[in-house]
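Submitted below is the structure of interest, expressed as structure tokens.
Chain lettering (A, B and C) follows the sequence in which the chains are written, and residue indices restart at 1 in each chain.
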Amino acid sequence: MFNKRNLLLIIGLGLLVLLLSACGTQKAASSDKMPTVNAEEVSTNIIVPHQGLNQEPTPLKMERDGKDVYIEMTSQITDIEIAPGNIYKAWTFNGEAPGPLIVVEEGDTLHITLDNIDPGVPHSIDLHAVHTNPEVGFADLAPDEKGTFTFPTSSPGVFMYHCATEPVLSHIANGMHGVIIVQPKDGFPTDDEVDQEYVIIQNEWYKYNDLDDMTNGVPSQVVFSTKALHEGQPNTNGTTTAVKDTPLQAKVGDKVRVYINNVGPNEVSSFHVIGTIFEDVYIDGNPANHFEGMQTVMLPASGGAVVEFTLKEAGTYPFVTHQFNHATKGAVGIIEVTE
Amino acid sequence: MFNKRNLLLIIGLGLLVLLLSACGTQKAASSDKMPTVNAEEVSTNIIVPHQGLNQEPTPLKMERDGKDVYIEMTSQITDIEIAPGNIYKAWTFNGEAPGPLIVVEEGDTLHITLDNIDPGVPHSIDLHAVHTNPEVGFADLAPDEKGTFTFPTSSPGVFMYHCATEPVLSHIANGMHGVIIVQPKDGFPTDDEVDQEYVIIQNEWYKYNDLDDMTNGVPSQVVFSTKALHEGQPNTNGTTTAVKDTPLQAKVGDKVRVYINNVGPNEVSSFHVIGTIFEDVYIDGNPANHFEGMQTVMLPASGGAVVEFTLKEAGTYPFVTHQFNHATKGAVGIIEVTE
Amino acid sequence: MFNKRNLLLIIGLGLLVLLLSACGTQKAASSDKMPTVNAEEVSTNIIVPHQGLNQEPTPLKMERDGKDVYIEMTSQITDIEIAPGNIYKAWTFNGEAPGPLIVVEEGDTLHITLDNIDPGVPHSIDLHAVHTNPEVGFADLAPDEKGTFTFPTSSPGVFMYHCATEPVLSHIANGMHGVIIVQPKDGFPTDDEVDQEYVIIQNEWYKYNDLDDMTNGVPSQVVFSTKALHEGQPNTNGTTTAVKDTPLQAKVGDKVRVYINNVGPNEVSSFHVIGTIFEDVYIDGNPANHFEGMQTVMLPASGGAVVEFTLKEAGTYPFVTHQFNHATKGAVGIIEVTE
């Protein structure tokens, strides 16, 4: 009798322990929605050859010969601090996430050499700026493989580029996205009015390399980064703090032009600058798509725009996506305006 | 021995009780997605000085002296019935949510006095219609503080205004949003065709003052409200029933103009009127941004539009966001057309 | 003493069993987010008269007499394989989901006879292409009731049609949506340049007839279908495989025009074709709403567009919504380009 009872007790308590751990997992899962990081979970999603890997950023190489532009890029694994203390072992172009800014002119021919120095995963580059057979122009490169791809450009805009290797969502959400600006050969009608030009990119982060979270969850962070269009400008990764720590600069009365793209991977953006109105907007960065006097510009996932606005007083002007759940998750940057 | 066994039993059952309550919480959390209200939970999110507080709505004061417009507003805590039987202790402008409609003309100078009569929380007013240094023009006012802010207007549109005090998402989602229309000084090209004019606002409600739900959850209610642009028009708060209970009115053959803004805080809107087509659309309410023949207009969070359409037969015309999960949560209004 | 202890043990273990089953439910609920099908759950949501029902598709009948177009449609219950092995007992127009394509000309008068052969549920048809009193033109038909509705058309576009019977979300999400193209009487400015024309529709699927999942969940599948605009073109339902198994066809150098509509019911779309740029875009399919050089077009729920692009090299061009969580759930199609 006592033994049976003891056995029951042991079974009962054993079940309790199992149950507690199950419910513990359950609770962890539900609190995962919060923008916190569980180091253990993250590590289980790291691809084996990426364990402990942190490849130094590789500066973008770009050389022009007439209308031919030769660009050297890498795909590589590099730690990015996406929020204070939160290190994401990002899949990147050149060790940046978003990748390095590329600026060319309408009519240029691009010769892009992509060196996949990621030892674990194939990668590729898909540029929204070009016409190509995707099977050839955006082809996969195996680990340690290098390839050169040639594309003419024919249309101006603020285009997204990204890795297009399956599963595409994993590659983009892990950091493989960036912006290529194709400058219009006849310029914008408002070129003469513009005093400052900046590039801003919006992207989301999810749980580390977790395709289910990327597919069914909500972003852990939504962030802005800036890429240096002119010398001396900040060049940051997509983090919750970067554009607050290194604000964009303007003078009172400046007309500021922002080239923006929302690289997603999943969410649309309602881009807005607090304290001003967009006098001129060119949807997708094409001079033909002109809007005036907008408070907020709607950007689809992978959509771009050129927005121009005047900052009339000295002060601190935040920019946000006005989808404020996303602003709350980090999508706030700063423009500092001085006399 | 017996005592030990008793002890084990007591521990086991104690754990069971703890576990049951934990799992109970868990289940409650998962069913919270339903648009229901748990009074107990709500009360735990009420800021202490707001407990039991229900400040009478304060009529908007607006006086014009030439091009100068003097506006008196309050920030205050007022109960709003957001769905039948569901009282939300809203953070409001003037006791309305959305706040009172402001209509001015392009070129006017606004002198806005905001009296923060909320005893518990600082507030501010950020208007998308103006240029200002946000630190000064949109500055926080402490409880019981009053401030006056002066802004020139320069661009026509259907602009959002909102409280911009941190955490901004809490202030907007708790009800501090509204619309300011800046009428274009040269009018709209279709002014002569329009017979009726209405103002409609879309907003979402979340669990009471629950920043985590506002940030990571889905809205409990998505609603329309109307604000009286002309005398005798309905002036409602954002509830699931208001615009069904007090339909907008038109006559057969009328061309109806709607000034609409989707104040969010998080969701975009696909605004559509059943039984008609938008003949003319002005994105963000600027006459320069003209579209024709649209079935549905895409509004970013904080985006506005002027849409115009003809109602050719007597009857009942619902308007919705065609994101039908949101329509299902309340975003349906009615236009009644009579002979 | 022993009895009491036994009693406590029995209570304890009984509670454990209850608890385990509760936590089991909990885990099932959380894994429901995955795009899998639980046959048992599905069957519980089938309306009784639909049990075992699978009505043969009914070909659309359409006859023209001058400017009068006589159209015969059904509302019916038909199995659609929305993903390999995943049969959805869809609520449909004519046994297709999306329903059959309707193409008319601006100025035509439509005479639509809808025969509701669904024995269990009332249905209706709401066309975004027309002006009507919704209570009359879009009126409900009881099971086994037939009705004829007459509407003039007056505005060109790529319009959504759908069942508008309550709860509307259930009817649309269960499959009752489709596209009606109203061709502009003066054509598009780019008519002479176009070599191929296709119709593509985006829609989402949710858990079977589960209004809560439709209202608060995320889609299980997001899919494209094609509808034959010209003879010999594929005519598919909205499945994860249809447009991959029967790719659209073009020749090198062809300018391809796509008429697209995102019928939702809930999500917006960021429509993009990989390897090309949209040279010309007409928002909602109206020639007046012309954009150029777009990488991605933003479609609200129920929004349409005409997009035109040139495929310069032989190859395989996928099209997606660049909201890549949705592409991951199936929203990928293929255009095959040959010499």
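Here is the rule we go by: contacts are C-beta pairs under 8 Å (C-beta built on N, C-alpha and C of every residue); 3 or more make two chains touch, one makes a residue touch a chain.
All figures in this text were calculated on a predicted structure; none of them were measured in a lab.
Q: Once chain B is fitted to chain C on CA atoms, what angle does the rotation have, in steps of 5 degrees?
A: 120
Q: Could you check if the interface between copies chain A and chain B is built from the same residues on both sides, meaning over half shared, or from different ones?
A: different
Q: When the centre of a chain is set as the mean of its C-alpha atoms, what distance in Å lies between chain A and chain B?
A: That pair's centroid distance is 30 Å.
Q: If I count partner chains per residue in chain C, which residues reach a count of at least 2?
A: Residues 5, 9, 12, 16, 19, 23, 26, 30, 268, 298 of chain C touch two or more partner chains.
Q: Mind listing the chain A positions that touch chain C in their complex?
A: Those residues of chain A that touch chain C are 1, 5, 8-9, 11-12, 15-16, 19, 22-23, 26, 29-30, 126, 128-138, 154-157, 159-160, 164, 167-169, 172-173, 211-212, 214-216, 264-268, 283-284, 286, 288-289, 298-304.
Q: Which stretch or stretches of chain B touch chain C in the complex?
A: Within the complex, chain B touches chain C at residues 2, 5-6, 9, 12-13, 16, 19-20, 23, 26-27, 30, 33-34, 218, 268-270, 272, 274-277, 279, 291-298, 310-318, 321-329, 337.
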